[in-house]
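To keep things simple, chains are lettered A, B, C and D as they appear, and every chain counts its residues starting from 1.
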Amino acid sequence: MRLHEYEAARVFESVGIKVPKHKVVQTPEEALEAAEEIGYPLVLKAQVLVGGRGLAGGVKIASDPEELKTLSGKMTGSEIKGVPVDKIMVTEKANISDELYVAVTVDGYSGRPVVIASTEGGVNIEETARKTPEKIVSVHVDPQFGFYPFQARRLLRRLGLSERLLLSCADVLVRLYKVFSQLEGIIVEINPLAVLENGDLCAVDAVLEVDNSALKRIEYPLPNFLERIDNPLERRGRRIGVTYVDLDGDIGLISSGAGLGMASMDIIGQKLRPANFLETGGGITEELLYKCMELIMRKEKLRGLFINIYGGINPIHEGAKGVVRYIKEHGVTIPIVAKALGNHQEETWETLESGGVHVITDVATEKAVARLVELVEANE
Amino acid sequence: MRLHEYEAARVFESVGIKVPKHKVVQTPEEALEAAEEIGYPLVLKAQVLVGGRGLAGGVKIASDPEELKTLSGKMTGSEIKGVPVDKIMVTEKANISDELYVAVTVDGYSGRPVVIASTEGGVNIEETARKTPEKIVSVHVDPQFGFYPFQARRLLRRLGLSERLLLSCADVLVRLYKVFSQLEGIIVEINPLAVLENGDLCAVDAVLEVDNSALKRIEYPLPNFLERIDNPLERRGRRIGVTYVDLDGDIGLISSGAGLGMASMDIIGQKLRPANFLETGGGITEELLYKCMELIMRKEKLRGLFINIYGGINPIHEGAKGVVRYIKEHGVTIPIVAKALGNHQEETWETLESGGVHVITDVATEKAVARLVELVEANE
Amino acid sequence: MSILLDDSTRVIVQGITGNIGRTQTRWMLDYGTKIVGGVTPGKGGTQVEGLPVFDSVGEAVRETGATASVFFVPAPFVLDAFYETVDAGVSFIVIVPEHVPVHDVMKMRAYIKDKDVFTLGPTTPGILVPGKGKMGIMPASLFFPGRAGIISRSGTLSYEFAGILSEKNIGQSTVVGMGADPVVLTNLKDILKKFEADDETDGVIVVGEVGGEQEEKAAEFIRDHMTKPVASYIAGRFSPKGKRMGHAGAIVRGSAGTYEGKCEALKNVGIEVLNSPIDVLEWAEKHNIT
Amino acid sequence: MSILLDDSTRVIVQGITGNIGRTQTRWMLDYGTKIVGGVTPGKGGTQVEGLPVFDSVGEAVRETGATASVFFVPAPFVLDAFYETVDAGVSFIVIVPEHVPVHDVMKMRAYIKDKDVFTLGPTTPGILVPGKGKMGIMPASLFFPGRAGIISRSGTLSYEFAGILSEKNIGQSTVVGMGADPVVLTNLKDILKKFEADDETDGVIVVGEVGGEQEEKAAEFIRDHMTKPVASYIAGRFSPKGKRMGHAGAIVRGSAGTYEGKCEALKNVGIEVLNSPIDVLEWAEKHNIT
């Protein structure tokens, strides 16, 4: 789960990392009120969870009330990369003398946390990574041992840091690692970590994503994950316990397993356009597949549906009942092709066929999709 | 720092260990009010930090309002082992079917945390330890690794625990270790850990002492340590940064170092009676020794004072100025003997002698004390 | 020889008393796997499918001589059970559960760093050796004995590839699910190493997917150390890109993780990249894998 | 040979730029100790008493060839500095500061469990080898070269015993403060082992105090492994008992920790227990220790 910038700021403050003076507002009136406390010039930042927000118009500077009113008026209710702006973070404009980059993330391949730092903070950090990688340093951490100031200083000396900046930046890194560890971060990043004119460090912008699998045990009070999901169908998917990604095609898909789902999309995508990606995981029940059908059929103008499931850990014969119940209750008429193999496959086939589903007993998904293409075309 | 039972209960609750329903009260009226919520019979427990509180009358059971009023009236304002009762914890009387003992403490010799458990909880646990040690099990913990449920279960199986109790008790032990670790415990103990009739576990009485050296960094909100110290002189000692223990003799003592202080007491104690133990630690300054003099001279009827300090890390020549300043400002007339050796000793001697202090230049404390005995006797 | 598991491997099931544990235990037994007992703390002394259930892994190992364990333990308890299992001396551990917190997986990996234990998962269907046994949830009907090795990041795609081969009577030596999580306990290349050394495997199919660096790193290994033919399929060519935030991922992985990046890395070292799963048949025929 | 330190040991001072660090560095140099540099993070490149100051222990070790380090680091930073120092390969570390949190000390001890490093402290005056050098804060004037070894839990009592001997021209081979905290990095018996092996030491004085189990455990070691005469003094005979709460301490330590318990344990194995510090003279004379 990704946290909004203002939520991340609160987390960082709670562990003693300095953040700019700020307020979260929803209207120009609130923005003007906040400005009285913060002073001008100030920065308006749309609280939307998209990358490249700045270039997409989500960050503006206001020098006086007039400008603030205009800019905040425009920003509230607008969309940044398709995501509606609900909240704006109004922050002081810090006097920055240098911009650093610091982050902790999970290095999947080595299976360890990795702490990253650079003296070249700012929006061009990825370019720096490509062109002058020596300006970015990183170190892997033993997750059982943790990350101590001496390790942070060792890392930062490789960037040539010394004296006060060495100590203050090491301090921030250790606190950042604490956030990573206590909030079970996938990524925690401060970019830029501003060196203010008075020498203090300040987290001007921050990214914080926590592990969805750990949400229940993280002790820091987190926002509700469901409310975080903008797309209503994706939110519904999460609520019923499946992974649903909304797409702009017209062929529905239910798969058990992400890899099978992706392969199904790849095969469908050669002739038709998927309307969604839906992956059930290992929790199939009659009820779950009924709800999956319900979810998928909310999409308008579907031309067909492909169900691709395996009976390994999943009782697909139970799931089939849910599919058929939905079809019967709602009189579904679009062609549905199902490939359902593994434990209880015969029972599953029988049930599905009783609901008018075209069951393919070959293993290769390509054959099932070929049948779906035929049926969809014949149906139109 | 030792926490009161009700404070420990709050800590345990915060990590998910069940404690009896309870209220903290200061008057019989409040006790009666609390009883309405808790119900009868209930237990009154004086919140005093002494061992053997129960045998000393600090724990009483009240079966009805009449009894509660009488008992709480007696308890408020009384003293338990010399400590005034300020607060009473009123708790429900749980229906207990069994009493366990669980604790985590620092094993000084091995330098590791040790987790202890017994099926023979209750006041006789130390007797059990002596007579039937096989009924108590313990395991050392790697402080970097922590303590996990599987280790707890392994320990508890040695007591013959199984089924639900094995799991619930392991769960409590892991949470107890979390308290130990997060609050930097010296000892955390639940005795008894009651097995209720419904099978739940409940921490009926608890001890929690945290490391004074870690107070500043423990993130859990702790009470003020100074307010915790009942003796006003000892509180004053802590405030100025020295270890002061009030005794009932009449010879004052200032030492640098606990070992030297103890040896001084042992030697003084053969002829005279120490009025206090005061150990400066490594922070001697002129100001500190001035304040130490001030603190010691608050005791009435002092017959003499012995100063036994070494110039290792301590600038004793600075300290000497504080002693003499106090003597001169307050016209101290009791005999003062000082042994002050090490770095800057000559300068120190000169200063002390200028204040009328009898300086002994021999190393052996025995000789200095002998001189003090002579002077005290001659003075009377 | 198959890799990691055969019909003499003594296996215990952790979380055997849960619904899934019970069902899968029956199916593993039906397939001929030598399941010798189970573990569920607090349920010691009971039985499942006629097998003894123990309170601890240590006891199970002592009593049954087990050397392998398959986990059907709820995700929040996997870390604890894993420590216990490693401490008990089990040398092969299969972690079936999904949603194990990634910080736990990192700790698990750190714990076994210098220990002699082989692990699969989390989020793995496990391992199946056709005709000999299986640890995990792979549906037996799709597999057939033979000489193709399969390693898959995705569970269900491993069934798909095995099934496609089996339909044409091309059998498998061992089918391994390495786990679908961003952090798995054993990386792809370390499983490839086992297949390279296995004299019953003639070629290996690597079923990958977009994300992570497994395939890129494996390509280097294959170039330097593999003599057997390797085919690969990468799922997710048309997957929508996630909304990426932050730069740390890009800094750590560079261009690794994309469909194009993976295909290029694999092709560069001479690995055949399959366009679609069904193309595996042609590859198997070409290399005479039966 | 003295133990642990001699005039060729290359020593660095951590926390050298603080007031205490500076003063004590001068005094250690005055005493002839081979101090070769100092460390204070953020102060690298400066100088103290003509010695180079480094930002890191690793750099200090590389540049100076130091093998020993003495800490004047503020208590909250000791754990971090300790990890750094051990990682840098320093083999002898003296932790002078008091008030190091006990949970940190436990972690420090766990960290060096299987590592080849010898440590003293925390809350130690350090170590002094008369005429050769000192690491820590012992006031030089009280010491004198000779053949008595001293190990003391209390700092100031180590001065007292050395001073009493020196006044009568009985010298010391090495004087060691083991640290006054309830948990120290090196237990008494492991220091005794060094003295037993030291051919310049004829007998050892153990200056103990009430609390803990150091003396009791050392008694067992002395009985089984020491050939040299040992005297002991236990401070705290008339100390007021603390208000004890909870039973865990009693369960862990049994009767250990009391004045009587310690004296009995020591006497039982034939160790002379001194009634008062000054009695050490008689003991030294009796055993011809000079």
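Quick note on the criterion: contacts are C-beta pairs under 8 Å (C-beta built on N, C-alpha and C of every residue); 3 or more make two chains touch, one makes a residue touch a chain.
If you want to know which protein each chain is, UniProt gives these names: A, B = Succinate--CoA ligase [ADP-forming], subunit beta; C, D = Succinate--CoA ligase [ADP-forming], subunit alpha.
These numbers were taken from a predicted model, which means no experiment stands behind them.
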Shared touching partners of subunit A and subunit B are C, D
Contact-graph separation of subunit A and subunit D, given in steps at minimum:
1
Look at the interfaces B-C and A-C and say which one is made up of more C-beta pairs in contact.
A-C
Among the chains here, which has the CA centroid at the largest distance from subunit A's centroid?
D
CA centre of subunit B versus CA centre of subunit C: separation in Å?
55
Take the average of all CA coordinates in subunit B, do the same for subunit D, and state the distance between these two points in whole angstrom.
27
If you average the CA atoms of subunit C and of subunit D, how many Å lie between those two points?
54
Residues of subunit A touching at least two other chains
144
Make each chain a node and each touching pair an edge, then name the shape: line, ring, star, complete, other.
other
Chain-chain contacts as defined at top:
A-B, A-C, A-D, B-C, B-D
State the interface residues of subunit C toward subunit A in the complex, per the touch definition above.
20, 24, 27, 75-76, 96, 98-103, 105-107, 109-111, 125, 137-142, 152-157, 159-160, 163-164, 166-167, 180, 182-185, 187, 207, 209-210, 212-214, 217, 233, 235-240, 243-254, 276-278
Within the complex, which stretch of subunit B touches subunit A?
144-145
Residues of subunit B defined as touching subunit C within the complex:
148-150, 153-154, 157, 162-164, 166-167, 170
Touch list for subunit B against partner subunit D, complex
2, 49-51, 101, 103-109, 111-114, 116, 125-126, 129-130, 136, 138, 142-144, 181, 184, 186-187, 189, 191, 207, 209, 211-214, 216-217, 245, 247, 255-260, 262-263, 265-267, 269, 274, 277, 281-282, 309-313, 341-343, 345, 362-367
Hey, which residues of subunit C end up touching subunit B in the complex?
41-45, 55-58, 77, 79-81, 83-84, 87
